[in-house]
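Dropping the structure in here first, questions after.
The chains carry the letters A, B, C and D, assigned in the order they are written, with residues numbered from 1 in each.
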Amino acid sequence: MQRVGVFVCWCGSNIAGTVDVQAVAEALKSEPGVVFSTDYQYMCSQAGQDMIKTAVKEHNLTGIVVCSCSPRMHEATFRKTAAAAGLNPYMVEIANIREQCSWVHKDMATGTEKAIILGKAAVAKVNLNAPLTPGESPVTKRALVIGGGIAGIQTALDIADAGFEVDIVEKNPTIGGKMAQLDKTFPTLDCAACILTPKMVDVAQNEKIRIFSYSEVTDVKGFVGNFDVTIKKNARYVKEEICTGCGACLEKCPMKKIPNEFNLGMDNRTAIYIPFAQAVPKVATIDPTACTMLKKGKCGICSKVCTAGAIDYTQKDEYIEEKYGAIVVATGFNPISMDKFDEFAYSQSKDVITSLEFERLTNAAGPSAGKLLRPSDGKHPHTIVFVQCVGSRCEACAEKGKEYCSKICCMYTAKHAMLTRDKYPDTEVYVFYIDVRTPGKNFDEFYRRAVEEFGVKYIKGMVGKVTPEGDKLKVQASDLIANKQLHIDADLVVLAAAIEPDKSARPLATMLTASMDTNDFFTEAHPKLRPVESPTAGVFLSGACQGPKDIPETVSQAGAAASKVIGLLAKDKLTGNPCVASSDELMCNGCSSCANVCPYGAITYAEKEFRMPDRTTKVRRVAEVNPAVCQGCGACTVACPSGAMDLKGFANLQIMAEVDAICK
Amino acid sequence: MQVNEYKPLIVAFCCNWCSYAGADLAGNNRLNYPADVKIIRVPCSCRVNPMFILRAFQRGADGVIICGCHPGDCHYTSGNYYARRRMTALFSMLDYLGIERERTRLEWVSAAEGAKFAATMNDFVQQVTALGENKRLEDLRCKK
Amino acid sequence: MQKITGDILIEKASALLSSGTVSCVLGWKKGEFGYDVTPAVFSSVEELERDFVYNDFCGANFSKYLVSKTRKLEGKILVFLKPCDTYSFNQLLSEHRFDREKVYAIGIPCEGMVDISKVKATVGEGISSIDTDGDNLLVSTLYDEEPVAVDFKSVLAERCINCKSKKHVAYDELLGEEGDVIENSRFDEVARIEALTPDERFAFWQNELSRCIRCNACRDACPACTCEKCVFDNPASGVENKSPANSFEEKLFHIIRAYHVAGRCTDCGECSRVCPQNIPLHLLNRKFIKDMNEFYGEYQAGEEVGMRAPLVSYTTEDLEPGEALTRRDTDA
Amino acid sequence: MRKCSLDKINLLFAEIAKNAVLYLPVDENDGSAVYKKWEDGTAYSNALNTVRSPKDFFFPQTENLMGFKTLGKTIEVIDTRVEPDDFVIFGVRACDVRSFDILDRVFLSEPVDSFYASRRNHGIIISMACTRPSETCFCKTFGIDPAEPQGDISAWKTETEVFFKSNTAKGENLLTALDGILEDCDNNEVDAQKAKINAVMNRLPLKNLTTDGFGGGKTAEIFDSPKWEELSESCLGCGTCTFVCPTCQCYDIKDFNTGTGVIRFRCWDSCMYSDFTKMAHGNNRNTQKERFRQRFMHKLVYYPENNEEIFSCVGCGRCLSKCPISMNIVKVMKEIGGNKGE
């Protein structure tokens, strides 16, 4: 039996508003083991923590129960407090009387009664707690960044800058990501290429950074500090180290009608291609679905024209195994498909385009060399309609669009509208919106300029239908403020498509055992306090894979993720989670049930000698858990028929004591 | 005046990563559900031993619900898949023994589904309340 | 009636003992009344010739004994395994419970074993001897002038009526002819109970389990229950109990026991054979087997060494518990 | 001697059940018989004996001794004792009746087990002479006459009638109370019945089994016999023999935490169990051989040594028919005692 101290937190009025905290403290006083019980306004404050420390000394406490907010919030805080008071940090249990009590129950009597029961359960558990000491494991001082967009680039540069090796795995032939496709960036209107390409070059030239382009992660094993990752380098049929990126092969390639992904299919590329001039690595790649040599064994022109001799039609996919201490996910986003939005006639008319396509149309390196021309006839559009929130904030139609706000569309639409009016003052520009959301530094000023200085016509309301008619696009819309229907004959309609996480994120999350939300965005360990960490130790989040983000936000998160990685890699040893499984070898049958269900391969078997009570010796096979590999899920504890396997911190007896306390 | 209304006792085992966080989110969003639900935090739904469930019934629980991450989302990759098989087997056995199947439930609640958590608990409490007291798996010695 | 005689087995065992291939023999020893045979360790030809027997009452499954005997006894052990015993044998090997190298397994055919309580229900108490005559048992009693003829098939043990296999899935040597896996209706009774109303099911099991005296015979005879220490015997487990103090504890023990062997139980039927209270315990184990077959695909524990039991594997498409129950309802 | 026609037996039961709870053997579906509470319509079994012995009525498998109620850190002791109702057990066989003498010597000697004593005081035993002994019967080995069962009232059954004779004041009082149904009679039919039984007894396969080689003082002689190893070789260590035995009287005292208190109860224990009499240092009988030996040494050597050479086996044969591996006291007596019982 422990000497337990109970500390009931008011959390201001958050708890005290619906729970009689004094009554809780008083009721728990008479629980077995409890020698001290009190309440205080904010247990997590310095004063509250000091109160715990003093009580530990004065009452010789061996266990602490804090009745407060969720353990997900402050368990770590109070464990530190316990440690500072000279107790083992794992002698602390939290009764969650805020999130799971005071905030969900309205009645004081009900709340108080439940808080007491939750407190009793915590006391019952802490009475069975044992001091735990975390195990140690070494750290591989190298980081892996998955995704080579601006998020991945920034993270990699920052980690490398601190002196650690970084590998970037990018599924496309070049790094750069979505930002490389942009023209100008809001709200400063500097050219995306001008600020991105120097960073790409930095990456290429950094000795600490390796780029695995045209590659993907196929397997992840291990755990924080010790990941074993398999990277598949797709065959690009060009020897990367030899190719100089001269482009001679591109000129001679006879297959010239391949839709160019980089320009979103608005122009063509060759079968052997370099996505864009500033690509990094600047190496050609043969598209095996388009190349006649690879498909039919006929052609081979690129090989003939390549003076460097870089072409290799026999190249095979290569699998590389590497060890990493930390993994950063920077898999980014894509605009959603417009297939389901027939009302905007996207598939019927070439002149209905997405904002990203608009971005390419206005880009000097784009299909129209920066001139804003209609894709259908190459004519100048005189009336342009921008439609916001296409598939965003789409509450009613979850299968069509997304419930969330894509966050970046308001600003880039303002940018597009402003730039159009700036370059082509004779153009009428309409923007249809639900709300204009401009929370960001200089964002609202930017939007106001578009309206006030550049005369963009912002109309609150949604476009109902776009109908191609002759060379016009008939736009039917409603103006909610004027409360009337509008009919606009537009030359070009630009859809601000919602953005969604890249499709590669879901399988990656499974490999990483990192959790995702229902929209396939990676979940952070804590939305406020640990926004760049995944709940899976050693996995960090950078950029739009975690949620819609603009460039400034992405870059700051990228830096934050990098600093977390640096903090991890700077350690020589990691102290693990001590709440791991362990087997009582006297009870263990060696039957392998536990190892069969262990997701981490943490359990091995050994033949051990046992001295029996009758003084004979018997050799038996028993399970052994590697505490550095075990993540403490507890699957093995239930698979074990003899109950030999138990989980520290969540032991059978502890959980049953909680059950008993709750049910009594 | 309110007559002594029957209040069931519900034990909810919630995995730390998704469902417990989902319950926290329900709290954050002030989504009400009956105080009859008492949550026990476990690292993963695969930590829930059938013995814990029987124990809860023995000690007077009227319903037991196990909540874990959605299939595919387990923090430990596969824990909830094992939990699903185990609970399927156990619940089916309890049903075979004539114990009301409505007293047990397995639900997937993600960390983002505070609303689902509250709704699930409201629904489960209602379902168990309709059944009344657990008589078939009770241990009279534990009666108050 | 057994097709193979004890004499053939004695001859075989004697030869292996004499040649030094094995150092002892796990076999059946004759008792007082013809039907009360006891598993025994024979270490000489003389003992074999004097006491070894193989008849219609040799139901005991020797596989489990191998766990303790291979640890305790020196040299190789000869064990005679009936077809159903071989499944337990494999299952124990899958669980690394004994050293295969220390065992010489001889598969022997089995025509089904007799449940003596069925014989007694027919002829009454006072059996003085039992002989065979074709398809009949000839039972002499203290009270009948002439031996009473009892149809062999009518007194077969339940598990043998529903025999799942005459095929040996493991052996070093096979005596007699190899049989086949049998189409059987062993799940019919489970299905019948499933089709009852919950109240009827509850009443059925309440009646059955209320007879339990917690002698642990089911557990101690079970070849899947080979735990070094059972959770119910371990005060540190938190669930230890020694007697069924009330109906909850009766259920707890039997649910958990069946759950612990779920996916590992080969359906050998020893639990029901040894229950002094004639509780149909196999219907609990079979329920799990039936469920897992239906939910996760056919699986026969012990069919091969090293198989992954349904509860220690999964697919991402598995049924939810509610779906599983509903599906069973609609199937029924 | 009094008698009652079998036609009227239910009237008799009804009369008894007016003032006491009446238990009697009833047939189960599987052919076995168990003691059940008599209610109108309950049929008396013709089976030789029940699977569980009637010791359960005096020494139940679990029995609450006392309770504690905890409130916070305070403990209150609660008397959980429930005074049993008067009860009558009908149809107890001679062997089982003897078992009460054996249990009495344990539970009623100082210090008296008041729980047991109370049940003994409240219970009346109506025995029943055997009509069809089984091959597993060997009560004669222990000097028990199945034709002359003891108890508060002895009874004999023929094809048409049941005969009663009281042996104790309790028994006589009950028979007197049943005067309206019973009629007086002579001993002739009972004597004829006894003769029939004795004739069968001489044909039983175990008729010649003796206790030679056992009894007080034999410890040194047989304790180290190599036969124990052989006999116990296949013992599963289950408690079947113990729990069906009418004379096994070992129990364990355990506490059950109810969440709001503790119930202290006793429950049957078996010397065959590996944790039997486990102490702080561990177990004093570490192998199944030692545990197996203990059971038979107790019945055949230790108990007689302390109880005027009375063996604590009554030859009821339950362990012979119920042991999962058919190992039993007869096989032990034959192997160790050196008499073949032929």
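Please note the rule applied: a residue touches a chain if its C-beta (ideal position, glycine included) is under 8 Å from a C-beta of that chain, and two chains touch if they have at least 3 such contacts.
Please read all numbers here as calculations on a predicted model, not as lab measurements.
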{"item": "Per-chain CA centroid nearest to the all-protein CA mean", "value": "B"}
{"item": "Per Cα centroids, the chain farthest from chain C", "value": "A"}
{"item": "Comparison of A-C and B-C (more C-beta pairs in contact)", "value": "B-C"}
{"item": "For chain B paired with chain C, centre-to-centre distance based on mean C-alpha positions, whole Å", "value": "37"}
{"item": "Cα-centroid distance, chain A relative to chain C, in whole angstrom", "value": "54"}
{"item": "Distance between the centres, which are taken as Cα means, of chain B and chain A, whole angstrom", "value": "30"}
{"item": "Where chain A and chain D are represented by their mean Cα positions, the distance between them in whole Å", "value": "72"}
{"item": "Multi-chain contact sites of chain B, meaning residues that touch two or more partners", "value": "50-51, 55, 59-60, 72, 78, 82, 86, 141-142, 144"}
{"item": "Sequence positions of chain C contacting 2 or more other chains", "value": "231, 239, 245, 311-312"}
{"item": "Interface hub residues of chain D, defined as touching at least two other chains", "value": "256, 258-260"}
{"item": "Graph class of chain-chain contacts, one of line, ring, star, complete, other", "value": "complete"}
{"item": "In the complex with chain C, residue positions of chain D that touch it", "value": "28, 30-32, 34, 48, 51-52, 61-62, 132-136, 200, 203-206, 230, 233-234, 236-240, 242-244, 252, 254, 256, 265, 267-270, 273-275, 320-322, 324-328, 330-331"}
{"item": "List of chain C residues in touch with chain B within their complex", "value": "190, 193-194, 198-206, 231, 239, 245-246, 248-249, 251-252, 255-256, 258-259, 262, 284, 287-288, 291-292, 295-296, 310-312, 314-316, 318-322, 324-325, 328"}
{"item": "In the complex, chain B residues that touch chain A", "value": "9, 11, 16-18, 20-21, 23-28, 30-33, 35, 38-44, 46-52, 55-56, 59-61, 69, 72-79, 82, 86, 110-113, 118, 142, 144"}
{"item": "Touching residues on chain D, where the partner in the complex is chain A", "value": "70-74, 257-260, 282-283, 286-287"}
{"item": "Parts of chain B lying in touch with chain C, wherever the complex brings them together", "value": "50-51, 54-55, 57-58, 71-72, 78, 81-82, 84-101, 104-106, 136-141"}
